[in-house]
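Read the structure below first, then the notes.
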């Protein structure tokens, strides 16, 4: 597995456990709700992940971007489609999205390597 | 035509003319590029408009939301799909997105009325 | 009742009804969760409303600010305390918070008038 | 005087008085400091106002934009220069800055009318 | 002392010295004002630090979060209270606050270790 | 060459190549347009770089800040002028800009060292 992908997943899992161990009900319910949000509905899962990704990009949240890149990869988003999502994010959010696009592009490459 | 929709379109058209009349090349080219971004590609127009909409919602830009609501309506997004987009925006962006969702919901109702 | 306070409450109620009528489960659950967040816990209600207010101020969400001003008023936050919250918001968020502070100050005055 | 300019100035003056009347020391000192920031220094006043304007535009604060437009107009920024500032703001901040640019363009026109 | 806490404090101290050595009066006065903002007043220090923390969380400023976590720890905020602040920040600011909450949770654990 | 400056430039160049290799037309045209934006016009290059810098600071984009610091250095912005730009950014954007100012101050020092 790619080191970048592995490190992201490990830290995420480890800290989620710390947070959940404190039993804050609002945090727990928000996380369940977050999972529900991306489930199949009137829109399919793939579209919803793309929506979550573009929202994360314009809000410039690198870890959120990585998470949705991973899910989008699993759901079969192609590289050409991915760069059209990047384009929407950069046009709506401006050139301040570029550094986040660089890190997204790097992680997207790692996800392909990862799978080989 | 609904008054809310009409007022939005009129002000937008009028001020776009003022801005374009100044012949700033960067502004003109950015606007052309903005149009290109939402054209059919590896992703279809409807998906791209939904991406533009969710990005506008989490960035809390009411006029951008109205614009993409109008386009999404024309392209046949259903109310059930629309509220799933609202849900993604509210989960990713938090409860500060709620007031913008209220105005989006109002405008979405007006668009239906508009068409009758 | 002050016109400003009444208009805010009326529009909010009316549009919340529109949104809830669409039966989007994520939206409904997020709203319930939002209510839970501000309930008495390890921190008291008043502190939680002040936290919600300062968060709304730095994120510059006028309607969210109005909502938390109303709740803070009901829970007995004094004007001197309120302006210390305004001060934190303006220092953390910068002078771009000033216009929102003006509207907050106006609404806070209205809430007092309202009660007379 | 243009109605748009007058209304902005009047509301601003009136609410500043309300805020200052509460004698919150942090708020008072922040406002003094805000004034100092734009005084002549290693950079001239005009450059500083342009910096304040572009910062206000990318942060999408309409009232802050109006304030710096007024100051920039007084200090002799030309329309051609102004639109180059708009261009930087739109490129850095993306198309979500466009609706704020429309309102800025409208106010800039009013400032010229105002002076006639 | 925990390595994470020590590194944060060291870098902060070192760079503050660089900045202050340039004698920019506005920067110096802003920093003094920042200190004043959190002093005992109509609200106690602990409440003010919690306000500063939640504001930093929704604005997603990791270093600001660390600073206020340190202060909150010194002032006796409990872990249960801390997670209620996290909950407000995540509800108001949305799931994009989660990655910052992970880093906040990690730093909060380190602060306890630090003290042993 | 300073290690900090070199690492920034290397990563930027490497990832730009990855992104451009995918031939997304919107991304390519946005990047060209970005270059055009800072060219000599009614405002000179130095002023435009300062505008780009202050916009990047209030939007808290560290990589964008580094890029404009590099350009500003090449165009002869003095340290005294630079700290006046920092001051505007910190006043407009608030104390959440401070951590980014620390990293900007560090990079600015490295640029001087770099040149020796």
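As written, the chain order gives the labels A, B, C, D, E and F, with residue 1 at the start of each chain.
Everything that follows uses one rule, which is that contacts are C-beta pairs under 8 Å (C-beta built on N, C-alpha and C of every residue); 3 or more make two chains touch, one makes a residue touch a chain.
Worth saying up front: this structure is predicted, and the values here are computed from it rather than measured.
Visitor: Which chains contact both chain D and chain E?
Guide: A, B, C, F
Visitor: Tell me which of D-F and B-F has more C-beta pairs in contact.
Guide: By number of C-beta pairs in contact, D-F is the larger.
Visitor: Which chain has its C-alpha centroid farthest away from the centroid of chain F?
Guide: C
Visitor: Looking at CA centres, what chain is most distant from chain E?
Guide: Checked the centroid distances; the maximum from chain E is B.
Visitor: Could you check if the interface between copies chain C and chain E is built from the same residues on both sides, meaning over half shared, or from different ones?
Guide: Comparing the two copies, chain C and chain E contact each other through largely the same residue numbers, since over half are shared.
Visitor: With chain centres defined as C-alpha means, what is the inter-centre distance between chain A and chain B in Å?
Guide: It comes to 23 Å between the two C-alpha centres.
Visitor: Just give me the whole-number Å value for how far the CA centre of chain A lies from that of chain E.
Guide: 27
Visitor: Centre to centre, by mean C-alpha position, how many angstrom separate chain B and chain E?
Guide: Going by mean C-alpha positions, chain B sits 37 Å from chain E.
Visitor: Taking each residue of chain F in turn, which ones touch at least two of the other chains?
Guide: 26, 30, 33-34, 37, 56, 58-59, 64, 80, 83-84, 87, 90-93, 95-96
Visitor: Line, ring, star, complete or other: which one describes how these chains touch?
Guide: Its topology is that of a complete graph.
Visitor: Mind listing the chain B positions that touch chain F in their complex?
Guide: It is residues 25-26, 29-30, 33, 36-37 of chain B that touch chain F.
Visitor: How about chain A: which of its residues touch chain F in the complex?
Guide: These residues of chain A touch chain F: 60, 79-80, 83-84, 86-87, 90-91, 95-96, 98-99, 101-103, 105-106, 109.
Visitor: In the complex of these two chains, what residues of chain E are touching chain C?
Guide: Per the touch definition, chain E meets chain C at residues 33-34, 37-38, 41-43, 47-48, 50-52, 54-59, 64, 78, 80-81, 84-85, 87-89, 91-93.
Visitor: Quick one: in the complex, what on chain C touches chain F?
Guide: Of all residues in chain C, those touching chain F are 58, 90-97.
Visitor: In their shared complex, at which residues does chain B touch chain D?
Guide: Going through chain B, the ones touching chain D are 11-12, 15-16, 18-19, 22, 24, 26-27, 30, 34, 56, 59, 61-64.
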